[in-house]
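Pasting the structures in now, so scroll down.
After this come two complexes, each holding chain A, first together with chain B and then together with chain C.
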Partner chain A sequence: MKHLTAVLVATVFALATTSARAELVIEITQGMDNPTAIAVVPFAWQGSGTAPEDVAQVIDNDLARSGQFDPVGRGDMLARPSTQQEVFYRDWRAINTEYVLIGRASVTGQVQMRIEYELFDVNRQARVLSGYEEGHVNDARMLAHRVADEVYETLTGIPGAFATRLLYVSVTRNPGGKDFYRLTLSDSDGARPIVLLESREPIMAPSWSPDGKHIAYVSFETSRPAIYRQELATGARVQLTNFRGLNGAPAWSPDGNSMAMVLSKDGNPDIYLMDLRTRELTQLTRHYAIDTEPTWMPDGRSILFTSDRGGRPQIYRYDLRSGATERLTYEGSYNARARVAQDGRNLVMVHQAGGQFHIALQDLVTNRLQILTGTDLDESPSIAPNGSMVLYGTKSGDRGILAAVSVDGGVKFRLPAREGDVREPAWSPYMSR
Partner chain B sequence: MKQLTVAGKVLTLLFAAVFLAACSSKDTKDDSSAADAAAAEAAARSAAERAAMEDAAMAERRLQDAVAAVGNVFYFDYDSSTLKPQAQAALDAHIALLRTNDRSVRLEGHTDERGTREYNMALGERRANTVRDYMVVNGIASYRIETVSYGEEQPIAYGSGEANWSQNRRVELK
Partner chain C sequence: MLLFGKAFTRTLLANGLALAVGPFCVLAQAQEYIDLEAERAASEGRPASASGTQAAQPAQAYPVTSYGIGTSARPEQSASTAPATTVAPAPVAASGANAGQLMLQVQQLQQEVMRLNGIVEEQAHELRTLKSQSLERYLDIDRRLSLLAGGSVDEVAPLPTEGATSTGSPSAPAASVPASAPAAQPTAAQPGESAAYQAAYGLVREQKFDEAVSAFQQFLRDYPAGRFTPNAHYWLGELYLVTTPPDVEAARQSFMLLLDLYPADSKVPDALFKLGKIHYTKGNRDRAREFLDRVINEYGASNSAAVKLAQDFINDNY
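Showing the complex of A and B:
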């Protein structure tokens, strides 16, 4: 494994209109053995004044963060072409670069930004991708992430997930008093953080609607836990539950029409299903043990949950049509809080081994278990919509930080907060444009 | 709050005693022979009442002192919601005091940071329920008890290791 000695810190300046920096800092701790050498040449700016965003730097950071690419430093570039005519392959062969991305950015009609890009294969001496992205100038970073997605897919065969967003909970400690909780939305690289909710009482379990337009979470703001649904575009929110006992772990169904949740209103934590149109509740599990942490299989036909009905927490599957329950995990004495990749095959969860809590992946076809992380107190795994990376919460010293690992365990990076604790990351689905 | 309630009660009783004494002193002006006996009886009665009141106040103060001595936090073993003997003894002190008043209490269940957050929410609730059930069995009406779990969200000690964790696995009576 290649350990990057230099810590790569992402460019985290937000929009030109604000000076707010990202709350999260990205430190790549482990990349792949033979990352692809790519040069992301600074894009030519064809507007007046200075470019609102260093588009190439955003793309460069995205590719580096994937661990699969080793971007060429700008100081090592022998030329800085921005058109096909200016690309001379010998300049790039000389510094062992395999691919070159060039581009041009412009703004039309004050606010409409256009980014044109071309990707060249140095060995084959051929252009392998070209295209453009257009959008509001305030979304310059998102346009750049989309270019990175296209480049990533062209070179790896897997759709990129850079043009996605994160939800996470951060906490500022207040010893002797009440802590300060924040629910934050950011780009997938931690940039452009927006605080959605602030409270002196805990905020938990943020989750996404399948179209990425709504979120759900648990807030203790009424001095007891309740589930809320919030529309991102308007900020409008609705309190969905207010039952005695636990109101937790909201999980949207893949069709967006219902929500699985944990309620203990009848004395014991069980999994319920709420029809989001009628608010009608259906009780799914009925057991004196703890049943919690529901999550949907991508086909929407069954729900996985954690239960200690066998004595220790393990993952079970509840079939919505037959009502049958089967146990899925057998290796180890603690397997909890499952999340399943869109392929329906890779299950990630919290797995206890040697007294420590790691993130593990279980292949639901072969049932082979692989421990992905080597740190302790790892929790709350969330899978990127392209299934490539797992974001999770862990501890560094006595601080809560976010970290990520690729599903093959080969790539690792950390996202500590500039201050305070961060936890419970929720990676968005693909955002509809 | 506790002290105020008791002080209020003592004041009420004292006021009643003074009022009774005032009434009986009015009586003494009328008749001379029967008045002495009546006065003596009244004095004895009020003295007895005062003594009873003082006994009750002292008993209540003793219960409060006992509660103050044991604190309002009950600790648990890892991944366990079983009441430990020490916690049980502490809880007995609270129950003895709660039997003398009609106060409502809130039981907040907490866990250490190990294990997943939602599972810990359920574990915190189990702990709060264990305390509630013990109180109900010992005569405190269930409608007087509210339970809420905070899971691992509100630690007393932020660090890791058993020294910190043991402080966080708790139920707080408020």
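Showing the complex of A and C:
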């Protein structure tokens, strides 16, 4: 334990102080051609003092970040209704707004916050959505993200993924000594960052349990790599592996009962499966080539992994029932670090083209490949639970930043960190309430 | 800079350099073992010979004999108690070097197998792609034939609808004999022409595309102005697209020949459609559109199946 330089930060969310100050700052670099004009009117505050959070602004930012909406600036609004009676459609037609979202926020019993909202279609002159969200006042931003999810789903038909979280690793370079590694949890917009683990030794490969309540990661804090599992609500953690050699790339199965991982305890990196209840290990691949970066197909029946058994890194699929291995990628001489969307169809990966490393999407039905990003040295793609956006690490200048791109390549934004290099983002699944 | 490389470097570091260093570890171990044996032999005062190494061996200060380090002990050496004349660390080291050499070779072989494995994977993939493409093309022909037979004033009978799987099936054999020439056709069938055409056409049905090409070419030589000559041009055009490799330019020329020589033939709308598709695949969208528009503008009133195909194609691709 003398090597243990890591500092565990207890992460009891209910007690965490609400801080909207984001470590990541979002810059939208490319939106859709015809975004929907929507006005998110500032929500009426029905409590004492000032509102703990500008709920409407959070929703506004969420919708803008999706690239599919063009929120009306507050200065352009001719009125600021907060009830249906106060909504006059001509006010909104005059500024070419298609939808109007209004709402009210209140706090009861010191801590219980309630947000009521109503969405109006200006052209049809009708209310198309109404509802409310309730929760702890410290979770005001998360409540706002849920409202944004509802609005997004109503208007696009796709469930929203704003009320989700991100994990990422940041590195602060220390020219004089050892670098400083942090594993951070934040809201999907980068706000409310919480440092889960700090270490002088590398932290790698954060990943989520399917219920979003646990995470797994690789930490070198004992001077060699080991896989840890950590409960978010309590900060309690367990070291799952401590084998000789490599212990890496943990990937939770969709049913949450097992974890795929890379171990080299038998001499060469291969994919193993650990039963999380019994800790029993099964070796899946057995090849003198390097097999690494496992990820699950959403149906849990097969595992994709990267292997150079064909001379160059490519993506392979291992069928858990038959044990058969099949190569999936043929375009280009380098395809690695696969992640599959929940639909089981969109495969994203790091793809080398023209000497640069981009994020590419391969349709597993037609096998058509599309390069999504124009940035170079892209790494670690992670797909939003609704399959709409891909978050990935890339380089801006000499700094590592996070960036996101929609699966059709049409919408792009960047999340540069205030300091240090950021990499290996992992987008959470839908969070159970 | 390679990400995979980076990851692997980490892997290696994490792995105690087991991957790259593995062989050398084994080598070192082998060397240790050999040294140990030599020492023991020396201490026992008996000669130790690393057999199997034929290299010039420097004299040693202590007596040595073969001690079964290698696999083939040399009896004459072990028998000779003559001291000082033979062997020890150098051959021992050479044997160690051999082990290292072997490990190196194994590694090289692994690399080579991986490279070959990659090539096999890629070629298998290529084959699968080609197979499905040629099936697609065949089905396309089949579908169009069925359409033509069903609706338009065409003289060629349908293929079996499950054409792709019914290769060689004897169903509908002579039914595909053209029943009557269209009125516009001035020429009457020449002796043997019908049979030759049917024979060539039969090859198409059997998916013997390369043979069908030869047969139709021969047909055109034999009957340059026959009743089925326009059809032969048309079929050659279709066939050039499905041979391996496809000869798109030859196909284009065949269709153009049909257009130029028999502008009133009933196959012209189909040829126009095909030309549109050919130009489209070549990347010439504008030229493709001209042909497709011609199908619709000039034959829109006819009940040619090509009109619908052209319209669908435009809808899908423009």
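Just so it is clear, the second predicted complex is superposed on the first by the 412 of 433 C-alpha atoms of A that agree within 3 Å, B and C clash if a C-alpha of one lies under 4 Å from a C-alpha of the other, contacts with A are read in each partner's own complex, and residues count from 1 in each chain.
What we mean here is this: a contact is a pair of C-beta atoms (placed from the backbone, for glycine too) under 8 Å apart; a residue touches a chain by one contact, two chains touch by 3 or more.
These numbers were taken from a predicted model, which means no experiment stands behind them.
When the two complexes are overlaid on their common chain A, residue A:Gly245 makes contact with chain B and with chain C alike.
By the touch criterion defined above, A:Tyr330 lies against chain C but remains apart from chain B after alignment on the C-alpha atoms of chain A. Contact with chain B, but none with chain C, is seen for A:Ser223 once the two complexes are overlaid on the shared chain. In the superposition on chain A, A:Arg309 makes contact with chain C only, not with chain B. Once chain A of one complex is fitted onto chain A of the other, the partner contacts of A:Asp270 are absent, as it touches neither chain B nor chain C.
Of the two partner chains, chain B is the only one touched by A:Arg173; chain C is not.
In the superposition on chain A, contact of A:Lys395 is made with chain B only, not with chain C. Once the two complexes are overlaid on the shared chain, A:Thr292 sits against chain B and chain C alike.
Shared interface residues of chain A, touching chain B in one complex and chain C in the other, are 202, 204, 224-225, 245-246, 248, 264, 269, 290, 292-293, 306, 308, 313, 334, 336-337, 350, 357, 377, 379. Remark: chain A residues 173, 179, 202, 204-205, 220, 223-225, 245-246, 248-249, 262, 264, 269, 290, 292-293, 306, 308, 313, 334, 336-337, 350, 357, 376-377, 379-380, 395, 398, 424 touch chain B in the complex.
Per the touch definition, chain B reaches chain A in the complex via residues 113-119, 121-123, 125-126, 147-151, 153-154, 158-160.
By the touch rule above, chain C contacts chain A in their complex via residues 1-4, 7-8, 10-11, 14-16, 18-19, 22, 110-111, 114-119, 121-122, 125. If you check the complex, the residues on chain A that touch chain C are 202, 204, 224-225, 244-248, 264, 267-269, 288-290, 292-293, 306, 308-314, 327, 330, 334, 336-337, 350, 357, 377, 379.
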